[in-house]
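The structure appears right after this line, and notes come after that.
Letters are used for the chains, namely A, B, C, D and E, taken in the order the chains are written, and counting of residues starts over at 1 for each.
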Amino acid sequence: MRYRYFPGCTLKGQAKSMEDTAMAAAAALGIELIELDEWQCCGAVYPLYEDELISLLSPVRTLAAAAGEPLVSLCSACHHVLKRAQELMQRNQDARHKVTDFLEVEYSGEGRVLHFLEVLRDDLGFDKLTEMIKKPLEGRKVAAYYGCLLLRPSKVMQFDDPENPTIMEDLLKTLGAEVVKSPYRTECCGAYLSVTEEGVASDTVARIIDSARQAGAEALITACPLCRYNLENCSREDGKEPIKVYYFSELLAEAMGLPGESTGADGSKEEVAQR
Amino acid sequence: MSAALNETSADWEPLVVAFCCNWCSYAGGDLAGTSRMSYPANVKVIRVPCCGRMNPMFVLRAFQRGADGVLVAGCHPGDCHYSTGNYHGRRRLSAFKRLFEFAGFEPERFEVRWISSSEGDKFAEEMETMTAKIKALGPNRKMRDARWQSVTQSK
Amino acid sequence: MPRIGIFICHCGSNIAGTVDIEKSIEAARGFPGVVHVDEYRYLCSELGQDLIKKAIEEHNLDRVVVGTCSPRMHEVTFRKAVTEAGLNPYLLEVANIREHCSWVHKDIEKATPKAIALLRAAAAKAALNDPLVAPSVEVEKRALVIGGGIAGIQAALDIAEAGYIVDVVEREPSIGGRMAQLEKTFPTLDCSACILTPKMVEVAQHPNVSLLTYSEVEEVKGFVGQFDVKIKQKARYVDPVKCTGCGICYEKCPAKTPSEFEMGLAKRKAIYVPFPQAVPNIPVIDRDACLYFRKGRCQICAQECPPQAIDYEQQDQIIERRYGAIIVATGFDQMNPSHYGEYGYGQHPDILTGLEFERLFNASGPTGGKVVRLSDGKPPKKVVFIQCVGSRDKARGMNYCSKICCMYTAKQAILLKEKVPDAKSYVFYIDVRTAGKGYEEFQRRAAEEYDVAYLRGQVGKIFPESDHLMVHGVDSLSGKTIEIKADMVVLAVASVARADAPEVGRLVGINSDSYNFFNEAHPKLKPVETHTAGIFIAGACQAPKDIPETVAQASAAAVKVVGLLSKDMLQGEACTAEVNQAECSGCLYCEAVCPYSAISPVEIEERYHGGTLKRTVVEVNPTLCHGCGSCTVVCRSGTINLKGFSNEQILAEVDAICLQR
Amino acid sequence: MAERNTEQIEKIRDVVAQDLLSGRIDLLLGWEKGHYWWQSRPLFARSKKDLDKLVWDPFCAVNLSRYLPDELKIHSKVGVLVKGCDARAFNRLLQDHMVQRDRVVLYGLPCPGMLDYSRLAEEAGGNLVGLVEQNGRVILKTDSGEKEAERKDLLIEKCRDCLYPNPVVYDQMLFSPQGEKSAPERFKVVEELENLSAEERFAYWEKELSRCLRCYACRQACPYCSCRECFVEQENPRWQGRAYQTSENFMFHLVRAYHGAGRCIDCGECERACPVGIPLQELNRKLIKDINELYGDYEAGLDAELEPPLLTYRPDDPAAFSEK
Amino acid sequence: MIIATGKSSLIDEMKVQSGQNPAECYQCAKCSAACPVTAAMDLLPHQVIRYLQLGLEEDLLKSKTPWICASCFTCAARCPRDLDLARMMEGIRLSMLRRREGNKFGPADLTPEQLEKLPQQALVSGFRKYNK
């Protein structure tokens, strides 16, 4: 199984542990992730306005660089932008011509654009993964937190059921953890509002964490560095038992018995969500 | 003035033959009339019971005899008075249209439209559009029977 | 050479204002075969018609062309006129110079040549017109009603009362339909069973009605007056003559399966009647659930049945009957809202659809008439009703308004308050639609007297938390988001066409709209007719509707049927297909495309090299043929032709129209 | 002289001779040599003696199924040698109810493709007097010596893009089947024509069709032309004008092709029969291609049970009009 | 209040560029019910569409709501009219940025602590959203 891999900015910085653990797991699973040469920004946000073609330049450059090979990313934001940019390229000829002409690349929407979770589920298969689990996460009560970007808009992302997704729970089950389902797992964490409106993000995060805790979770997994940041940094002091937040890949590597550590958003190790 | 001369002059007017299904499009044409809508007089309607009655040979004959455009109008798929006529018509006339274009006719010269009996406005609009398109294309000379022309002129 | 007379109508100034009558007359005189041309102010008037009749006599005309309004308007009038003058009505041809000419063109210079072209085409066609005779069809004085819900019951009763025989085919083991599932009806809160059951009994006992329950229509052939229908009566495995309806069989039966009638909220036995008031009160055995049929042993019902009515050997039966008219009253389904993930239907026992909730009120329902939560059996204290789940939703549901939900939600909120006095209802709505006699008053009563909180807005998502459902909604009037810790949520899901409606439509030969509801022939003026003569529709198979409307439509359909059956003969179609058997090669393509099975192969003998040769050709049954002409196009040699719209006639029209530009 | 495949011919003779003797069939449709050594024409064999004339060589292009409807009028049971295209033609006729399956015995001959004399002569250069086949190559013998060429370059037009060289229906297969074939260039010419402008396309067809002599040889050769009276000959109505002018030629050829829509088995006999070399098969192939595109893949003649696409429909069919 | 009846260039532009027609909204307010960040909004999401319908351009430009919208697409996912409110919100934000020719938020607005702690992704996407 061979894929081109797009890391994105955060995975080379604060979310290094997501990349490290995912790469280690991929290598052990025989999934070849070949990093794109001289990659640039994914585009950060998908432009929702028809004339904002400028913002499409970097994702389309990335898509074209994959040259038709399947393109995998780990960060849900990167995956979201790439997937939607691809869909636009398939759907809107005019935009495609403008963007590809400007970039002087050939691209017409070909190639699969995948999140690493999809590779595990669809290409490798969780059944196959089960065989590679050496240290199952027995007794660990873990809830999945999906956030927005992997799921919506579901017509384009086609990742999972947008209201009742199961992919992360299925992964956790495979890893041997005790799966906890929290009803707020698909609600937004507040995203970049934490930059300007920290109060708003605190509300959304509080709700997500409370609900997970109520459901009995001791830890959360996510596929998005920003979600993780918000979950760890925007929750309010409430004196309750804190909840750990992991990248899905960290628990994956752990269950596979691979070396690697969880890196908190501020770089400190084993940092917990609430202080 | 002869027809041939007419055709090159600026006031050339195309002839559009419209085969209309009795149950929908023909009635749609009636409604356009009752509603006093207006469309070019270039369009002349022949009533057929159903677009499933449309033999492509009628279309070819019209072009032989001097039509510049032919329109077939039937009920919206699913609404056929005879339940399946327009489904059959859609396949037959689709195959014919492709062949017709393959023989070198401009695609605009032969069209099929679905117009219900309540769509007087659509009827008028389609006749207007069809006429305008044919006008822009100019007279059809493909497959035109020269002898028929001389009959035309003598009349 | 034919002798054609052409008559041009001024229609006051309607035609004459835009078409130069003088010029038209002059041109018409030059058409081939035309021996007489005249004009009149109003040709359709008594005097105008006389003018035509007189001319036919005086000029010995054998074809008549009128340049008038649309043939859809007055063709019948003028056909009658020429008949009175001794001509076959099909020797008349109409040139539509009003709707298709004078009314749509303003310029007399352009309208006149067009009118002349249309007249020329009509004359060219008329020259080739043949006298035609429409076949007569005998009317079978028996009606078929498909569907035994309230619509079917009402229609059958009305037809039977008028003195005609009627058969009711019902797919389920009992008649009653959706109405039998309801507890009370709005806006009067009548008990549904109390008003329905007497009707069910009445229809079952009516001497003119035969009930064919647990039966399905398999095939419909033929045409108005003579529909030949095959009905499959499924094996009940219970002898209806011997069965006394004592109920011991289902009492003793050990096999259980979810009850369709209870929307899966309760179980029924493998041998069962769907509900206590079932008509006929004869159980059926569900083969898929029966231990004997599945595993070969049990037979408890047979052992216990006092009159020994159980018959495991019973077979499905095919009944073939001829009917003069058919009413389709197959009802509706409720949308399954599982795809609205945000509502979590199917994932939590306390999230119900309206019809499921309705069953909780019923004394014979899954909870014995106690309104309790299915999760823990406790009465719900806070119930959230969500309207428009799947209705008015072009993204994931149906674009239309389901019409009945506003009212039944108000009803259920009232009933809830009566059963659980300390319960509080919240209704999330987009608009409250209560058009109907007493409806608005009823809904207001719910809000004013029964303490039902109407919240104008929708629900974003339901979050199930430990022992309650957290409902996140909004009230747009106050501009406040709202969170309700609810005990139960009721979804007013869309009423949709039956899943098999398209199949039924194809089987019977009627068409549907884009939602698969059957189409009426005209949205205003022909609400119960379909485009197929002799087939009528009633009830919610046409569109969502409430009981009063359904009953009114059923009676209307019944009147149409009675009107039809009161005739002995019907006039068929004159413009039918005909075959030149000598040239028919017998490829049978025409047979394949005929929607009415009017074409069939027949063997003929032919002389060949001194001997005789048998070969297959086709023949057309003119009483079955509707004259669509689809066969003529697949007949490559033009051997099958359509009378009244023949190949020759259409080509002549093309030639004539193209003659003058 | 073409070297005869005596072994195969003997086998065919053995089989059919027995059937003729036993009365299983009372006529065999096969091939015999024509005026020239490079011509094979239909053989109507009623006796063992007639079978002496039977040949099976690279010139047996004539589609024999075409003769069945007429022969069945005077014979009760007819045997016919079928190549891939003859077999598909048989299915065509069966579907059109022109033949009865139980009155025909089909002897299947997997077909290596027939050779084109004009191509042979051109390749040979000199006066061609005979040929020998060897492992997919052909040795051409002329007055002045021998010349070798690739067999596939010498095929007649209709065999070049043949997809089904093996009979798809038969009672008895006489030899082991040919390998799978593909025809990547089947629609090449159609596509080239499609890419032209309307004017260019019209000019192309005007040039081609203006040469038509209206001899109707194409119709006579065609297995889908099974009408008792062809529209061109009808007096009432007069669909087809008698005049030899391009307008009427268009009428004839467009309608002829249209009558084959969803029915043409792509056997190429029409084009092979045309004395002036009009590329008739491109009209037929255009319809095959478009109907496949619009209404799903369908190969006429492959399966007589499958309804031809123009006799059926799906409610959600696409349309080729600008309004769907 | 006098309802603006004249043409609003912002709204016209928004319709074209977002491909969304506010007239298709029938104000069921499901977007507001679904939105996770309404607490900080001065106009609820459905009110934003209502303002668009009424042509209240100036009021919209004053509203905080478009800047609170986190583009989580929940509204669009559940809208029964198949409208994409996230696109409309983006339209309003962009129009405001383009009109006012200023940036809503820049690196200077960040505290040193934020600069250090925030993931790169948050900074890049934040600037994308708030800057022209």
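Note that contacts are C-beta pairs under 8 Å (C-beta built on N, C-alpha and C of every residue); 3 or more make two chains touch, one makes a residue touch a chain.
Being a predicted model, the structure only gives us computed values, none of them experimental.
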Treat touching chains as neighbours and tell me the shortest step distance from chain A to chain D.
2
Write down the chain pair with more C-beta contact pairs when A-C is set against C-E.
C-E
Determine the chain that sits nearest the middle of the structure, using the mean of its CA atoms as its centre.
C
From chain A, the most remote chain by mean C-alpha position:
D
Using Cα averages as centroids, what's the distance between chain A and chain E in whole Å?
25
Mind checking the centre-to-centre distance between chain B and chain D? Centres are C-alpha means, answer in whole Å.
37
Just give me the whole-number Å value for how far the CA centre of chain B lies from that of chain C.
33
On a C-alpha centroid basis, what's the spacing between chain C and chain D, in Å?
50
Pull out every residue in chain B that's touching 2 or more other chains.
56, 61, 78, 84, 88, 92
Quick check on chain D: which residues sit in contact with 2+ other chains?
231, 239, 310
Could you list which residues of chain E touch at least two other chains?
74
For each chain, which other chains does it touch, given as pairs?
A-C, A-E, B-C, B-D, C-D, C-E
Give every residue of chain A touching chain E within the complex, in rising order.
8-10, 13-15, 41, 44-45, 47-52, 55, 75, 77, 147-148, 152-154, 162-163, 187-188, 190-197, 199-200, 203-204, 207, 225-226, 228-229, 233, 265-266
Considering the complex alone, what residue numbers of chain E touch chain A?
16-19, 36-37, 39-40, 67-68, 70-74, 76-77, 84, 86-87, 90-91, 94, 105, 109-110, 114, 116-126, 128-130
Given the complex, residues on chain C that touch chain B span 70-73, 96, 98-101, 103-107, 110-111, 113-114, 117-118, 121, 509-512, 514, 519, 531-532, 575, 593, 595-596, 626-630, 632-633, 642, 645, 647, 650-651, 653-655, 657-661
Quick one: in the complex, what on chain C touches chain E?
342, 388, 392-397, 430-431, 456-461, 472-476, 479, 481-482
Residue ranges of chain C touching chain A (in the complex, touch as defined)
340-342, 344, 347, 461, 463-466, 470
